[in-house]
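Presented below are the structures under discussion, each in the form of structure tokens.
Both complexes shown next keep chain A, but they swap its partner, so chain B is in the first and chain C is in the second.
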Partner chain A sequence: MAEASVDLEAAPIAPRRRARRRPLPSSLVAGGLVFAAIILVAIFAPLIAPYPFDEMHIRDRFHAPSLTYLAGTDEYGRDVFSRMIYGARLSLFMGVLATLVSLVIGVPLGLLSGYMRGAVDEAVMRILDIMMAFPPIMLVLLIITLTEPSLWKTSVAVGFLFVPAIARLMRSVCLDLAGEEYVLAARARGEGASYILLREILPNAWPPIIVEGSLRVTFAILLAAVLSFLGFGIQPPAADWGLMIAQARGYIERAPWIVLAPGLAMCVTVVAVNLFGDGLREYLDPRMSARRG
Partner chain B sequence: MDDALLSIENLTVTYDTLAGPVTAVDDLSLAIGPGRAVGLVGESGSGKSTVAGAVLDLLAPGAAIDGGRIRFEGTDLASHDRATRRALLGRRIGSVFQDPFTSLNPAIQVGDQIAEPMMVHLGVGASEARAMTLERLDEMGFARPAEIAGAYPHQLSGGMKQRALIAAALACEPKLIILDEPTTALDVTIEAQIIDLLERLRTEKGLSYLFISHNLGVVRRVCEEVYVLYAGRLMERADTDALFDRPSHPYTRGLLASLPRLQPPHRVKRLSTIPGELPDLLAPPPGCIFEARCPFSAEGCDRPQTIRVAGVRQMTRCHRHAEIAGEAWPSRARLGHDFSRKGFGDALVNVVGLKKRFRMGGLFAGIKLKPGLPPRIVNAPPVVKAVAGIDLVIRPGEVVGLVGESGSGKSTLGRLLLRLEDPTEGAVEYDGLAIERLPQRALRPFRKEAQIVFQNADSSLNPRKTVGETLRRPLALFGIVPARERAKRVGDLLEMVRLPRAYATRYPHQLSGGEKQRVAIARALATEPKFIVCDEPVSALDVSVQAAVVNLLADLRDELGLSYLFISHDLAVVAQLSDRIAVMYRGTFAETGTADQVLSPPFHPYTLVLLASAPRVDGSAMPDRSALLRDAAPGAGAPDGDGCPFFARCPSRIEGTCDELPPPRRTPAKGHAIACHLKLDALPTRFVPAAPAMGAAPGAVASAGPE
Partner chain C sequence: MIAYAAQRLVFVVFILVAMSLLVFAAIYALPGNTAAIMLGQFATPDSLAAMEAKMGLNDNFFVQYWRWASAFATGDLGQSMVMERPVAPILWDAMAKSTILAAASLFFVAVIGIVLGVVAAVRRGRPIDGAIAIFTYLGISVPEFFWGIVLILVFASWFDLLPTMGYASLSDGIGPFLAHLVLPVVTLTLTLIAHVSRMTRSSMLEVLQSNYVRAARARGLPERRVLRHHALRNGLLPSITVLAQDFGWLIGSIVVIETVFAYPGVGRLLIFAIQRQDIPVVLAVILVITAVYALANLAADLMYAYLNPRIRYGRSVG
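Up next, the complex of A and B:
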């Protein structure tokens, strides 16, 4: 029996599995493009809008959509199209800020809870349970009515509202990942909790968090609109989609365009962001690229 | 073959992947006669499950039958419309899949899940279906079928679930059953019971089986003829005895050669292996698909291979099968320099009276109101004794094998030794240092010296880090080498585990299973440890890859003087590597001793069952296992008190003694300990392993019989 050489067992260099570029999901592309367009519109609102958002054209009150006023005018003769464009600024700002607030608080809470387990976990989760037990609108109203309403406060309040959901998601992801063998291997070489959480677990926890975050943006926009509608969010004469709908609801039969335009804008934004989030989930899911066969 | 029950003719199945079409099954022909048990064998990626999918009309989305015919009882299945075909398949072909734990709906009683296909396909009423269900369950050997029918899946053990699933497959009295890895998820003792059941059912009912498995030992037990698949192509077809005794295709020979045998380890000899890995099916080689890995490849192998006759009812896809019949599959002895040992030194790891209890449920799970006046609140959380009193010594350079079935606590023991879990009781000493209560910070020097390699190659590497990043971290953490030398050391580590240095830039998903496991070993080696816990390091790997990794671990032990705690459920793999073996059952050691002592009589009754249940490829008759094991689920009905944990399943138990008193330690020889109430001369000795039978297998030395 001939003694074979060392090379018998050395794995021959397998051709590097081609980094197969996966095509982007169409929902990601479509949602992303529309969302990007909305962000651009919001940023360059003063350049795009034909009129300042608060400029009144007293003679043209309740003007139907025309070439002069693309989406008509409201009860003060303000250009609805311009207000809609300016409204994107406030809505997006609130949506994004609220989501950031919820991520900044929720992600560390969830990570700690999921990794430490035991008493820390119980404490954090029960506090979040209490938060979730409050009707969300009441909670935000409480925060806002105690102080003067402002854009910032509304956003932060909405963000707080989302903390339990984000933290719970993060916790469940973390619970899963903490059992992965590379995490055990890190513990076996004596890595501290901060290294394990930040370098081993967090990089693998991002996909669901990014997706959840993108969906939260739409919830926040809707919630902000509700608050404005109730009169607790943005104060007139600022242009906010929710506020616009609230103020125009008395004229819905006479001049439906005043309600339709911001409603449509909100609709498009929500659908675009949702599509984007869905596409992102699909794209980031490693199972989608799993080799078959 | 017109009398065939199922005949597959020139079947080709293609998966439409994002990277291009992949031919998963290429031009496969196969026939199953009435009452025949036909095996379909292959490693992962061989396309064997795709064949089952094609027959059962259960192909994954993106997969399509590109050519060939599947005829059942003479009729082309494709000639039916989908609904007719599904009805026909449901009624006439039963199927059993790998994982009994997910195959049953947890929310529906088992009996209803068996009765449902009868009502759908046979059109019988509910009461009649129920009566038939009980009949089926009775045939499965359940003592109380009505109880099983009324149970929910979580109330049944894995083996019971699989038996219930076989009952469901037989619900409509099909003539053919397709079994796709039906025993792979089960413990070896349960696997043996299922195999016995399958054999009995086939004889009693005249069933035909298409038995799909990667486990050659099981296939040898169950099947009468075997088809060997590699990369979607048929490599060889033969009657079972011919295939195992006179394999003609190099791939078959390689598979058989790389199987570990139940024999005491050899410090010098290594397992045979099949080098390399599956070809890229996106761009398959034009010639023989196995050529790149074949030690016998020669001129002409770069041409497409046709099926040739190699013997009586034996066909092979190799043009050199006759020329190479006399050549042995290459094997080798130890590599590198000899780390000779003159006995082992003092204990490196010393464990005394180690116990670990886990409490179940949440923080408040144990709090109950105790009735009485006034009612009292008691807090007695349910606990699981994962490790229940273990003494163990591992010496420098020594490999201790730890064998046990799932739930025996072997992984927990491994983690306790590394302080990944905190022990409830007992002492763990490493190199003279008591580590069981040290704060994590003080464990740092210990962490550098003791490392771990896990089972699951997919989960053991962080998918977001390159191989280089993974290997650099321990180097940096312990300051093994200065920063500027780390890249070089990473390369050295990769070479140490026989991987190319260039792999440092790859991500885990760009590696095969065996390569990932090598990287995991390299990561453990990076801290320059003396002791490594290997927790089922090869269990998830294909046979041919498993052999190479076992050899690598043996080489590293010799080159670096490492000690291992080698954990596995597979006694043959453990025997391959271990100087001493500990057999674990429900948290305690049933038997410990040198590999020779454990593998030869006298045995602990449980060791005997393990040995007798392991399916063998050498064709030796299986001992009658029914006499070796009481029909109880693993761990079922164990005594609450101090009695022997094996009591419920032990055929030689002494009522009144074994269930009440902890088993004493019998020592038949120095270093050999058996925890059993049976006196030394009453311990079972009757197991005689079979003599080596195969030409291709180098030296299948049987362990010494009682004589």
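Up next, the complex of A and C:
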């Protein structure tokens, strides 16, 4: 929400947009609250989790969910509930890092492309075309095959994948804003391109960036889970949701809770962030959501 | 139209060359060359040098690339280091099996996705609209492998209805052949359906509020006829684009789903090769998949341009 308040401060620049405060959409509130709760759980995981994520209780292997082990135990007798809580850390970390990577590369590219137009625009768009011409996962798999898998690398690779979408969005927003009166005024004052881009256009381009970014977080979480599941993400014994599911696959009949618990956690996270993103879009740009029905 | 097609075709060729260069540069830069990997850890420096000379590893980058690329173009996809067989037959066999999976999934995604989208748009705000939204949301709120495992648990472990692993060829009978496809195809459909049905819903909503639909209704045409003759024709155009866009994600999902269901397709081959560091196989698979993807995009673009002459050729949309 911090970014949203930044946007409100930018109000004097475009007063007609924020003439009145609208009520917050319920999806924004509900999604935001759950999302905030998950973030808190991730931050305070060691305090909340009943057991350390890698503590083995050899006598209690495959223990069904009970009061001692809320979500049962896995093949090493590790508490699934505790691992689920620690898993929130890794998933959110990867989701947020990947999104940041895509924003840090994509936003400047889109801004440049949309503001400079001409040859710069053409060059950037062709490069993005080439990036998008590769099947999405293949590039990531190629990077991961040729180098050792790690948490950082997976996140950066996933973020890289989202750059074209972010840059294109940013470009179209920039093209829209470049025709606004305050941009024309700044140009008439003789301001340089960097001033106009950073002080006039960027502050007004935040709403779509935040919305797109929040939705990208869920894509990144899912994609990172897929890579962990395939064995190319975080390595055992880390408590990652995708990895937990991959390792528990063989015991699905004997102990389905080991698979279901992290799956449920992922589902709640993704739905919450999606609701938050959709609600944000509705709040920041009611015109757009009305059109989308 | 022809100029547009030619322009797109040149781009596809360019992409393939770029990807092959990238892929080859990756092998080239890899520490420990192919000769060292083939000879194993007990290789003497002499035998290593002999092997390197035999394989032409001392030539410069472009000579090596040209040799590799021209062999590739004539169908020699290299030699698997782990299976010690040529890659080509293994790859084509796996491709055929994956194609069955992809075609069936794409068919169900298109048909069910569009039907759900149209129903949701026509019954906007009614309970059925909400039910469809929740159903499609479920499909994308967890990764595909989770649904795959849950389906295995329900239909194979609890009810013992369907096989969970592998593939049966048509020669084993149509029953087993179809039975092995059900769970993977259902999982893939569930994963991909949300995008198509949401897109169809929103574009149908837009069309249903348009002036020509209002005019058709004002003329007193029956609703069914308005829907079929006026709304559907224009409302479904974006769905085609979405289907084409999703083809890339379908490829990704197939890799995952084949792993979950031990389906012997190209995705499983790729993961198998990556896990065993069988670089020639990895590169061949990635290149062939890129080619398929590029051609599918080309086909989609051409179909879209054909169906919608308003599109300005040669300019990227959005």
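What we mean here is this: the second predicted complex is superposed on the first by the 264 of 293 C-alpha atoms of A that agree within 3 Å, B and C clash if a C-alpha of one lies under 4 Å from a C-alpha of the other, contacts with A are read in each partner's own complex, and residues count from 1 in each chain.
The rule we apply is simple: a contact is a pair of C-beta atoms (placed from the backbone, for glycine too) under 8 Å apart; a residue touches a chain by one contact, two chains touch by 3 or more.
Note that the structure is a prediction, hence the values are computed from the model and not measured.
In the superposition on chain A, A:P203 makes contact with chain B only, not with chain C.
Of the two partner chains, neither chain B nor chain C is touched by A:I85.
When the two structures are aligned on the shared chain, A:P23 is found in touch with chain B, with no touch to chain C. When the shared chain is aligned, no partner comes close enough to touch A:M94: not chain B, not chain C.
Once the two complexes are overlaid on the shared chain, A:A119 sits against chain B while remaining clear of chain C. In the superposed model, A:E253 makes contact with chain C only, not with chain B.
Once the two complexes are laid over each other on the shared chain, residue contacts for A:R189 go to chain B alone; chain C is not touched. By the document's definition of touching, of the two partners only chain C reaches A:A133; chain B does not. Using the contact criterion defined above for the overlaid structures, shared-chain residue A:S172 touches chain C, although it does not reach chain B.
Counting contacts as defined above, chain A residues 291-293 meet chain B in one complex and chain C in the other. Considering their complex, residues 15, 17-19, 22, 24, 45, 47, 50, 60, 62-63, 273, 275-277, 280-281, 292, 295, 328, 330-333, 335, 362-363, 415, 418, 420, 440, 443-444, 447-448, 450-452, 454-456, 459-464, 470, 474, 477-478, 498-500, 502, 506, 509-510, 512, 514-515, 518, 520, 523-524, 527, 548, 551-552, 698 of chain B touch chain A.
Note for the complex: chain A touches chain C at residues 125, 129-130, 133-138, 141-142, 144-146, 168, 172, 222, 225-226, 229-232, 242, 245-246, 249, 252-253, 256, 259-260, 263, 266-267, 270-271, 274, 291-293.
Partner chain A is touched in their complex by these residues of chain C: 11-12, 14-15, 18-19, 22-23, 26, 30, 121, 124, 137-138, 140-146, 149-150, 152-153, 157, 201-202, 205-206, 248-249, 251-252, 255-256, 259-260, 270-271, 274-275, 277, 279, 282, 286, 289-290, 293-294, 297, 316, 318. Of all residues in chain A, only 1-4, 6-20, 22-23, 118-119, 122, 180-182, 184-185, 187-191, 200, 203-204, 286, 289, 291-293 touch chain B in the complex they form.
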